[in-house]
Amino acid sequence: MVSPIFIIAAGLGTAFLLGLLRDEWRAAAYGLTLAALAGTAAIAGGWLWAFAIDGAAPVEILTAGTPAPFAINLRLGLPEAALLLLANLTGLLSAVYLKDTLSHLGRRAMAVLLIIVMAMGGIILTRDLFNLFVFFELIVISTGGLILLSAERHALGAGFKYLIVSQLITILLLIGIIFAYHAAGTLNIDGMAAASLVMLKGGSLAFFLIFIAVVAELKPVPANGWALDIYEAAHPAFSAIFSAAVASASLFAVDKLLLIGGPAWLPVATAIGIISFVASNLLALPQTNDRRMLGYSSVGQVGLILTVLGQRDILGDSTLFIAGGILFSHAVAKAGLFWLSGLVAGRNLQDWSALRGQPLLIFAFVTFLAMLSGLPPFPGFYAKWELIHLLAGHGRLVLLALILFGALLEAGYLFRWFGYIIKGEQPTEVIVPARHKLSVAMIAALAGWALGYLWGGLSAHNNLLQTLPLLFALGFLLLEWLPAWIKNSLAIAGLVAWFILGYPGYDPLQLIFATIMLLGGALILMASYHAQGRRVGFYPSAMLMYAGLAMLIVAKDSFNFFAAWELLTVGSYFLILRGKHSEPHALSYIVFSLGGAFLILAGFALAAQGNSQFSIEALRQVAQPLAPWVFVLLAIGFMTKTAAIGLHIWLPGAHAEAETDVSPMVSGILLKAGLFGLFMLLMHMGKQQLYGVELTHVLMWIGALSALIGNLLAIFQEDAKRLLAYSSIGQMGYALFGLAMMNHLGWLMALMFVINHYIYKSMLFLSVGGIAKRTGTRLMYKMGGLITLMPLSFIAVLIGIIAMSGVPPLSGFGGRWIFYNAIMTAEYRLPMILIFLSGPIAFLYLFRLIHTIFLGQLKDEHRKIKEAPFWILLPQFIYVVCLMVFALVPGLALRRVDAYISQFFPQGALNWEGLTITSDYGYWSPVSIMVVVGVIFMTLFAWLLFVNRKAQKVKQFNIVFAGERPFRPETTHFAWNFFAPYRKALGFLTQPLVTGFWETLTDLLHTAADVARRFYTGNAQIYAIHFLAFVVVLFLLSRGV
Amino acid sequence: MHFEWMMIPYSLLTLFIVVNYGLLLTALMQKIGARVGRRYGIPIWQNYIDLVKNYGLRSSITHGVMFYLGPVFRLSGGVGLLLFVPTIYGSVMFSNLSFAGDLILALYFVFFGALGMALGAGESGHPHAAIGVSRGLSQMTAAELPFALAVFAVALQYQTLSITEIVAAQQGAVLHWTLFTNPFAVAAAMLSFLGSMMRPPFDLVLAPQEIPIGPPTEYHSSYLALMQTNRVIFPIAKIVIYMNLFFGGAASWPVFFLKVFLIYLFSLFVGVAFPRFRVEQSIRWFLVWALPLGIVAIVLV
Amino acid sequence: MKAELEKRIVKGPDGIEFEVDPLQDYYCQEAPTVMPAAYSKIVEGFFNWARAESLWILGFGTGCGAIEMRPLMTPRFDAYRYGVQWRPTPRQANLFIISGYLSVKTLKRAIRSYEQMQNPKYVIGLGSCTINGGMYWDSYNTLKRLDYYLPVDLYIAGCMPRPEALLQGFEDLKEIIRAGKGEGANQYAQYFDWYKMNQKQVIHDWDMPDYNW
Amino acid sequence: MIKRFTVLLLLAGVGTLFAGLLLGYSPDGELNATARYYADHTAPDIGAANIVTAIIVTYRGLDTLGEVTVLFLTAAIVGLVLARGRRRTRTEQRELPPSGELLTTGSRLLVPLILLLGVYVFVNGHLTPGGGFQGGAILASAILLMLLTDPLRRFSHRLISALESTSGLVFVGIGLLGVFFAGGFLDNRILPIGNLGSLFSAGVIPVIYSFIGLKVGAEFSSMLVSLSETEDS
Amino acid sequence: MAHIALATGFILILIGLYGALTNRNILRMIVSFTVADTGVNLVIVAVGYLRGRTAPILDATLPAAEAAARIIDPVPQALVLTAIVIGVGITALMLAYAYKLHETKGSLDIADYRELKW
């Protein structure tokens, strides 16, 4: 094995060697630089291999042939090797990336780059305090040099600010070191730790100075104004080093210091870290400059890792896994993003729309985004999972909440950024990335995936990158070049195959959900056949969602459940984002979903009490004072997905703006994931009381309110898809209500709603989508009279609304019938009022839907439109058949489930004998109803045909009009504001209170951030004062408390 | 209960009786209304004549398939509703086709006709039709609410959803009627009843002075005849539900006639005394006056 | 011709342009036809009886005579007891009372309303004005003879005739109908061109389709 | 005003901190373990008379390497900073007044002497106070003097940088030789440690210190030259 | 003695910092920092001082055997050298920056370089 001293020697030696080369031999110099960096990276890699695979013991390297602590010694273990590799690889890739700049600036710049990488190695390796200082100074100075790589005018100013603050840091650090030396009699870190420096006279103050100085290198809020200016001004390749590698090295230095400081200093580290994490993510919200925002994000991530280091007292052996997971995610992603930012000309976030049309770059971007947000299957996800579990296990709930809050903020601005890329204004210029720059970014992206695989393998859970559904979904990334129809067939085949594969293993409940999610998904995908071209991005996203769903229903433990949940959230987010104007809605969807997911995570963690291997079954055994809280967290988490009232504001836009075949997926299928979660929750946790309040009663109220408000809002929509979307809120409210009733029939009803809602909402979304496709608008009042032109769509919608409104003889009635039987035994009656009110209201919007689109006056411009495309109609008619079958023989699907529910609620099962279904209270015979209604209807129809045989068909304006004739179809079609009187009467209920609440909240956050960031005035002296204030305040705190 | 072929003729007999009774009853009601206004009113057989005339008109037009089917839906709704509800308590045959479903079926089947009619009216392309439907649906949401609560209260009270069993539970004495055992539910339901009878002050749908005459603006000849037929069946079918749930049902046809007459009369009494509400007034009225009664009813049960 | 009735080029949502001719596309293009009586004479007689006993008047007051129709609904006259009632829509009405003078402007509405009534339908000319213009005999825009434009079954003379006269008129009309002579609708269909010609002669700005249905 | 007050307030805080350090400070009576080790082992193990030099070059040789690197880095960066956008001002050469006769003559006399002194200081670094850094600084002062005499004088950047790089390389190379031939990186005992107090003693320390001296001298010179060249405009 | 040196060093640091934080002229700031650096170096050296001892250079008057009892602590002396050199490096760098800043904007007022903020 090559001694690690060569890493330092090679870096330095090459740097010196460069001076010997003629200034003109730039290519040679550049080659030498790359070779040196590659060599050092190889050494680090070799050691990493030795430690990780061969299990070698850490090595000590002595210098000067003298044992420590009398000479400087270095130490190389697994973390050191990994960090070294990271630093050197980042340096190498940045060097590749900087090819042109370095060649332009010459060997001096290359030498500086080499030295900064070497210095990071020194920081990581050294065990001597003063030596640490020297390497820090090297980094400071080389940073001062590398900032100048930037073409940015303001880079000089930023560098100078940095130097000024560095001076302060240096002063404190030196004073601290010398007094620490005086107190401990050694400069060796391990020696100081052994002498327990902080216990010695004068030692704690000295340590405070050292600690604060090194922590300041992590740019903690608020002493970090200079760092942000550097990020904003520096060359992105340098920022990559600065953010990914330097920060990692500094963190490792802090880690070493904490060894000296001992447990007493851990809370300090935690506090500084968490404040940085939350505050910098908050401050990042109003940023418009990409690099500055990335800077804030870097500061935040580093703060998070510092928090993790500060929690090592409870994290124990997992510290490495957790901190490493977050650190490597951060490093790879941030470096990658900075490298990408070098490809984008504009500095505004909106300018990133230039990435559009570059699938590779978008793939890389998405990878980085997911890594930063801690989404599966990347290391941050596993790390966060462990971290939250351990925190919850030790009752550090405030910290847990702050971490999740900060992470949510971060995800918020990151995904907003992604929205700009995908949906921002059409880029003015197309970027043609240089090949070397592109490959650097791609290497980072691939490294991200590799790390994901690695962390998955290291985690105690199953490696997500080895799960078949996820791989299947990711496989579509490789197939993007195929035409859409081939991919579509593959996708359908995959879904069906997975269903067949899993079929023997499903219990009835899972079977229902699996049928809807997998087979149902395949059915909706049939509508995708109508799409032309390659549809880049659609299939990976859709299949990611389906993969998540497939994994969700079979998840046995909380980890798999949560991972599946995150996957389906992300997949659906990408799907929703594909819509034309869906950017803001997709954003609020992902923010709400991630917020909900975090609550679920917190809930699971709380329930598991630190045991990260937590089977869902074990929810039953959660102990009492905790159980209701777990219940609340999980329930709210799941309700973000079912869009219960209060958490619903993402849904209308997200569903309405999605593409034609995506709307039914996200409405018909995705919402069911939330219901599935609620099923799981209630099945295992049952009724819970919090402060004497029965939580299921609260859920009932929420369900009832959702049903009412959802329906009420639906009737005032002008946009057909929005109407359907609001109706989904209402329908999910019904289902939630049924679940919360906690009796046999309530659950059966909820399941019936699951099935029904899937069928008719998918069908209606497809119909409306097809119509919108033909008419070019979704505004219902602009349509009208389409019945003659689109009769098939009309039939589908007609059947759909009859089914949905619960009018016999179609299947919706079954749901209503079960509902009435269920409420007979419900112990709590008041929410029924809302449900009873919302039932007929559903009728209002359904009528409006069919009337304003199909009936009334045909508009001129629609005279020539054709029926919806075949592939959109086909699934609709399959749904019609399903509805009919389900209406006639509901037992086909429900019977087994009924028996299954009896496990939980033995009372109140239905009797399915013969044609009549009987409950304890009533009976219902679907076939008889169908026959009776059919016979009456046909008889009367025949009679009318007989007496009315001479009826003459007239045209649309042949109507009585008070002796006049209509003016134009637009003025004759009564459609806009259809329920105006209703608005007068009950419109006050539709006040956008919830929207207002969330908007106020986000406004508040943004305003707070906007005000707070003025703290960073841009004046170097003020920054220095910030730093001093930081020191003094911390000093006073550490003395006073 | 099971289906027997004999049920068909008996059901048709019920239908026949109800149609005739309804034709006479509605005329009678109009006559009573006229007497309040000191008029003679229409002849008692006038409805028959109007019906024949409308069936006998020679020409008719159609606006499209849904327009054509609307009245069919409407009448199917009325006939179906009538047949799904047992008319005479204690008579298996006059229980009609109630083996197909219980109270819930009846409650929801009410909408069948309304939906079809609304669709038919919609296809006529006449704005007044759409406005009428909009008004009707708006009012219905509020008017149905107290009724639903009352039904829920009654079902809870008797612990069954079967109409026959509810009627059975009220037998024995007048004081066993829900009217006396659960007055709040009945009060709520009767207020709701006003809303569904298309009489002032709740005749928002037709409102001849405002939107002449709402949904049926374009209907005429045999369409209108079908709807007229429904106009005599449907209120009675509805009253039968009320009678069964709240007023002890009817054990024989004379009792049936009497009770239906009296319940119908209630809406007439209110109707002749009040002018028409605006839509939002009507909605608020139901929510403010009828809804609390319904809530009291379900809370007290 | 009003702008909204002129042909126009419309662009569909798919970007293809095409022509819309409102008079063709919005309105039916078939003339009314003569509707045969019922197959059997007995049935037709029965129907005629029912038609006579159920006169549904179109609630359309064309002139000052309308003032005399209102009292018919009051307790004093109570026309309802004769099977007479008012309908707000021509679709459901089968008796059109031209109540008093008919100006050219109102004629358009009257024609349209009449054509939208269903066969069989009846017209009563109320007051002298409908017979010969009455006191408006020399007015430039009042019609002198109603039966040039619409087939009139019965005139009730007077200026104004009292409600009692109207009641008598209804009884006379019933006689006519019962006798099977109330065939104004078929007459209108048969001589459609003639009626149209007369109508267009007085209505100079004919801006409506020929077939209003 | 507010700023001054804030600064004063904060410095009062920092002062408190320092006061805490000051009050907590009690001078050692004896050498601590580390210093004692150096006192006891320098002579036998390293063979350098100047213990500080032994520490600088050998025991804490890695620090010194870093130090040298700092200077190298600074020189490189100063060059980089000042090189950016230089060329445009080349034409506008300002006329400078000639230096005085005294200065010119004096410097001619002094420069060789200063150079000699510098060399002496670093060559004897392991024996007497002084060493590579001090000697290098003295060398650079000669360059400074020359620049004062003739501000427009140009030195060969190539020469300086070659000197600088070679010395650096030698330093690193010798350090690495230690890995192979002695106890570790920067171990001075690849050469015999000789007699305490003689010029050729302390192993490779004099060599290293000489190169450090050359390197420091070159680097300071390079910085001075770079800064002086800014006089152009 | 050591206390006096330390106190002087600390006061120098505070003076330097005050100067650096209140003077808006960049050159004055740099000078202030050198003052503070001097203070730091003074503190370092002072910490290594032992009363009544001599410099850590072995010669005839100071044989190796007595060294441990007679010399002052050599480590701070070694450290201060490094500190000085690094201070010089940073000062040089700051001067170069100052020059360049002045060249780009013609101003040496630190408050003029606030384009990057928030």
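Labels A, B, C, D and E are assigned to the chains in the order they are written; within every chain, residues are numbered from 1.
Basically, a residue touches a chain if its C-beta (ideal position, glycine included) is under 8 Å from a C-beta of that chain, and two chains touch if they have at least 3 such contacts.
Keep in mind that what you see is a predicted model, and the values were worked out from it rather than measured.
Peer 1: What chains, if any, are shared contacts of chain B and chain C?
Peer 2: A
Peer 1: Would you mind checking the shortest number of contact hops between chain A and chain C?
Peer 2: 1
Peer 1: Common contacts of chain B and chain D?
Peer 2: The common neighbours are A.
Peer 1: From chain E, which chain is the farthest off, judged by mean CA positions?
Peer 2: C
Peer 1: Looking at chain pairs A-B and D-E, which one is connected by more C-beta pairs in contact?
Peer 2: Result of the comparison of A-B and D-E: A-B.
Peer 1: Per-chain C-alpha centres versus the global one: which chain is nearest?
Peer 2: A
Peer 1: Using C-alpha centroids, which chain lies at the maximum separation from chain B?
Peer 2: The chain farthest from chain B, judged by C-alpha centres, is D.
Peer 1: Find the geometric centre of each of chain C and chain E from their Cα atoms only, then give the gap between the two centres in Å, rounded to an integer.
Peer 2: Roughly 111 Å separates the two chain centres.
Peer 1: Per the centroid of Cα atoms for each chain, what is the distance between chain A and chain D, given in Å?
Peer 2: About 54 Å separates the centre of chain A from that of chain D.
Peer 1: Rounded to a whole Å, what is the gap between the Cα centroids of chain A and chain E?
Peer 2: About 50 Å separates the centre of chain A from that of chain E.
Peer 1: When the centre of a chain is set as the mean of its C-alpha atoms, what distance in Å lies between chain B and chain E?
Peer 2: It comes to 99 Å between the two C-alpha centres.
Peer 1: Taking each residue of chain A in turn, which ones touch at least two of the other chains?
Peer 2: Answer for chain A, listing residues that touch two or more other chains: 130, 134, 137, 141, 144-145, 175, 179, 182, 187, 950, 952-954, 956-958, 960, 1021, 1025, 1028.
Peer 1: Do you know which chain E residues sit against two or more other chains?
Peer 2: 13, 17, 21-22, 47, 75, 79, 82, 86, 89-90, 93, 97, 100
Peer 1: Where in chain B do residues touch two or more of the other chains?
Peer 2: Each of 58-61, 217-218, 221 in chain B touches at least two other chains.
Peer 1: When you check every pair of chains, which ones turn out to touch?
Peer 2: Chain pairs that touch: A-B, A-C, A-D, A-E, B-C, D-E.
Peer 1: How about chain E: which of its residues touch chain D in the complex?
Peer 2: 2-3, 6-7, 10, 13-14, 17-18, 21-22, 47, 49-51, 55-59, 64, 67-68, 71, 73-75, 77-79, 81-82, 84-86, 88-90, 92-93, 95-97, 99-100, 103
Peer 1: Taking the complex as given, what residues does chain A use to touch chain C?
Peer 2: The touching residues are 774-777, 860-865, 950, 952-958, 960, 962-969.
Peer 1: Where on chain C is chain A touching in the complex?
Peer 2: Residue positions touching the partner: 4, 8, 10-14, 16, 18, 20, 22, 25-28, 30, 35, 60, 89-91, 108-110, 112-113, 116, 208-209, 212-213.
Peer 1: Considering the complex alone, what residue numbers of chain D touch chain E?
Peer 2: Spelled out, the residues of chain D in touch with chain E are 3-4, 7-8, 11, 14-15, 18-19, 21-22, 25, 27-32, 34-36, 38-40, 42-44, 49-52, 55-56, 59-60, 63-64, 66-67, 70-71, 73-74, 77-78, 81-82, 84-85, 127-129, 133, 196-197, 216, 223, 226-227, 230.
Peer 1: Using the touch definition from the top, list the residues of chain A that touch chain B in their complex.
Peer 2: 785, 787-788, 798, 801-802, 805-808, 813, 816-817, 820-821, 823-824, 829-830, 832-833, 836-837, 839-841, 843-844, 847, 850-851, 854-857, 916, 919, 921-925, 928-929, 932-933, 936-937, 940-941, 944, 947-948, 950-954, 956-961, 972-975, 978-982, 984-986
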